[in-house]
Amino acid sequence: MAIPRFWREIPSRYNLVASKCLNCAMVDFPPREVCTRCGRKSIGNMERVKLSGRGQVVTYSIVHDAPKEFEMMKPYVLAIVQMDEGVRMTSQIVDCENAEVKIGMRVETAFRRLGAEGEAGIIHYGYKFRPAA
Amino acid sequence: MKAGIVTYGAYVPRYRITPKEIGAVWGVDGEAMGKGLNIRAKSVPGPDEDVITMSVEAARSALKKAPGITPKDVGAIYVGSESHPYAVKPSATIVAEAIEAGPVMTAADYEFACKAGTAAIQTTMGLTLSDMYKYGMAVGADTSQGAPGDALEYSASAGAAAFVIGKDPLIASIDHTISYTTDTPDFWRREGQAYPSHGGRFTGEPAYFKHVLSCANLLFKRAGTSPEDYDYAVFHQPNGKFPVRAGRTLGFKDEQMETGLLVREIGNTYSAAIMVGLCAILDVAKPGNRIFAVGYGSGAGSDGFDITVTDGVDAIDRRSGRTLRRMVEDVKFLDYATYAKFRGKIRMREG
Amino acid sequence: MRGVSVIGIGETQFGELWDKSFRELGIEAGLRAIQEAKIAAENVDAIYVGNMSAGKFIDQEHVAALVADYSGLVDQHLPTVRVEGGGACSAIAIHQAAMSIASGVHDIVVVGGAEKMTDVGDVEANAILSSTTDQEWESVFGATFAGLYAMMARRHMFEHGTTREQLAAVAVKNHKNGSMNPNAQFQKEITIETVLQAPRVAEPLGVFDCAPLSDGAAAVVLCSADKARKFTDTPINLIGTGHATDFLAVHDRRDLTTMDATVIAGKRAFHAAGKTPIDVKVAEVHDNFTISEIMAVEDLRFVPKGKGGYATEDGETALNARISVNTSGGLKARGYPVGATGVAQAVEIVRQLRGEAGKRQVAGAEVGLTHTLGGTGATAVVHLFARGD
């Protein structure tokens, strides 16, 4: 991924910066300029918030066939997590046996390496999930 | 006014490998090696972990204990390691971004073998005592490598600890600090080399013991104290034997050293080693407890600290988040093959 | 607005076609369709080409110009449009072409779809397929294309009791149909066991739950309905189209077991055509994964939500059952050169409605449906066809 593209999203990737609509309280991640629920009424009426990082697993899959960047992690658990703020996110679940992952499991975010542009390139960091403390 | 510890946090990865498992691959009695080193297991970082991820976890853990501390008041961050993910590009800026400190701050990375983290503590003490910044953060973290089949492979492990240093509010004051530094080539790694080299038995008397004992004696003198004055003692712990021998030589009792001696469960976390041991002590210490801490970094030098726990320790939430106790106990053991894969010891195809 | 009819169809073999380049494939299908339609070069007013990603598969952009050039129509200097939309691209191209005819701008338009996927290795091809997912918030975190569909499958199993055997039943049925299709990539029947024992890709999906990587092309010639009988005795009319989009990322969708884009596209198509799901006896739906077909038959309202797996297992979607789904073999057995899909599905439906489907003919088929998805369901296009009078 090109450097500026990754760098631009760092606040959301590192710190779960999301947006909250002051009109209808809908939380969107990543942050949006226009609320996904109330559209035009939200323009100029959105604020930045940070997600708590806590949520529960809504669905998951154990991925066996993966691109080169994720070779070392195979087989890994890919999951969609519903955060306590209502919005959903997609990432891996780590720090537990793949077989232990269940729909409904409580998780929290962890700061991990997502990948790198080869041996000489920039390293990408961001959120993954692990069983809640 | 004194500088000291405002809050602290540690991180140890979940994976472990035993000396027996390592020894089996190299035709060595690994169990005997483990006994000789007084190490039962060492921690192994997952393939998606490195010094930066662990430093962030430790830093976040520290701030979580003390929600009253505003990250923007952390004016300096130094990350000490000998396994920074980048040779050029500081770990410290990524840690800063991940805790939402800055941009009005200074940062740099440190290297001094296993005392890079304690060197950072001393620097941040200076910055806060001189009122340059309100708080500084000193991080020691490593994903140290031992060459396959080498003695160090049984102990070189991974971990991180982060200390926020300032003047107020303190959970522990650092009443005295003193260092002892010489050019002693006991352990080193040339640029570009995957694994470090060491001087075998030379790493003992002329290196570890000379510096730790010299620094300790200087600290006793400066503080006007003797071993009985302390509730806890913690030393750099490359294995479970050296620090105990050093402590006993200085006159400490085993009970004083017990709490901080994590190397037996997690191995030698290099720049994090003494700091993680100190975190284990701070997790249970009471106001008024005194702690004697002397680290060591090859190359060589020792930083010593005379610490007194204050009432402030009860004002932070030491039970919050993932405790060190839980991280030491909630483990998964690996076989050598998985360990080698995680540690990048298997040569992969390029491109 | 004028009606639109299909007056010619053409397709290539689908499979790993080592000897055929992208340009050869596209042209082959197009020329067959033009010949079948018995039209001359001067009759063609425009070309629409659906192609997912020639830019990534063969480093070729500006595909429209390439097709116009190599089709032998270059001295007509035709307006040519390349349509992108993930897997839905050539279904969208049909819609775009139909609108140009319905509005009176053009009379006869050739619509083709083509993809050359096997010049790159498997790992790279799968990464290219992944480019239709959310690059910033899905794939960078380890979401593979199959992984995203697998998560929908897992949730479908959790909420509706769908089983792996029911997923497998989709593949078994489609391979059975494919065995009767000489142009299909796979012409061998398989068993439920084969599907269940196959290497896992992203649980619960295994290799046989996933459509293959393929090369291939298909084309149709569209004509205004009032002129169609000049060219063919069996014009097939495009009687309704629905095209809808939804959130790009799966995690933003309203219901993980439903593709709202399909539901809405289906409703729009049926409304435009004045038909209901009961009128449809033959349908080509987008089975890039077995779960996709199960969700499609539910979302198109052929079966109630949650019953797609049970219906497949009970044979309700088999050849000449209540509704024949994927008589061509579907994406799974017929092959999935992504850009060709929408048009290839139309070709099969037209064949069925003309009564030219041979061993896999659906008896008495009068209304047929195609359903095509883009990405993980962020785009859906539904076309309804019926025999012209």
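Should a chain be cited, it is by its letter among A, B and C, assigned in written order, with residues numbered from 1 in that chain.
Criterion: a contact is a pair of C-beta atoms (placed from the backbone, for glycine too) under 8 Å apart; a residue touches a chain by one contact, two chains touch by 3 or more.
No experiment lies behind these values; they were computed from the predicted model shown.
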{"item": "Chain whose Cα centroid lies nearest the overall Cα centroid", "value": "A"}
{"item": "Two chains sharing the most contacts, counting C-beta pairs only", "value": "A-C"}
{"item": "Inter-centroid spacing, chain B versus chain A (mean Cα positions, whole Å)", "value": "30"}
{"item": "Whole-Å gap between the CA centroids of chain B and chain C", "value": "59"}
{"item": "Residues of chain B whose C-beta touches two or more other chains", "value": "none"}
{"item": "Touching two or more other chains - residues of chain C", "value": "none"}
{"item": "Multi-partner residues of chain A (at least 2 other chains)", "value": "73, 92, 114, 128"}
{"item": "For the chain A and chain B complex, residues of the former touching the latter", "value": "10, 14-15, 71-73, 92, 94-95, 97, 110-114, 119, 123, 125, 128, 133"}
{"item": "In the complex with chain C, residue positions of chain A that touch it", "value": "1, 5-6, 9, 30, 36, 58-68, 70, 73, 75-76, 78-80, 88-92, 103, 114-115, 124, 126-128"}
{"item": "Chain A-touching residues of chain C, taken from the complex the two chains share", "value": "123, 126-127, 130, 135-138, 140-144, 146-148, 150-155, 158, 199-205, 247, 249-252, 256"}
{"item": "Chain B to chain A touching residues, read off their complex", "value": "14, 46-50, 52-53, 56-57, 60, 85-86, 94, 97-98, 100, 321-322, 326, 332, 341-342, 348, 350"}
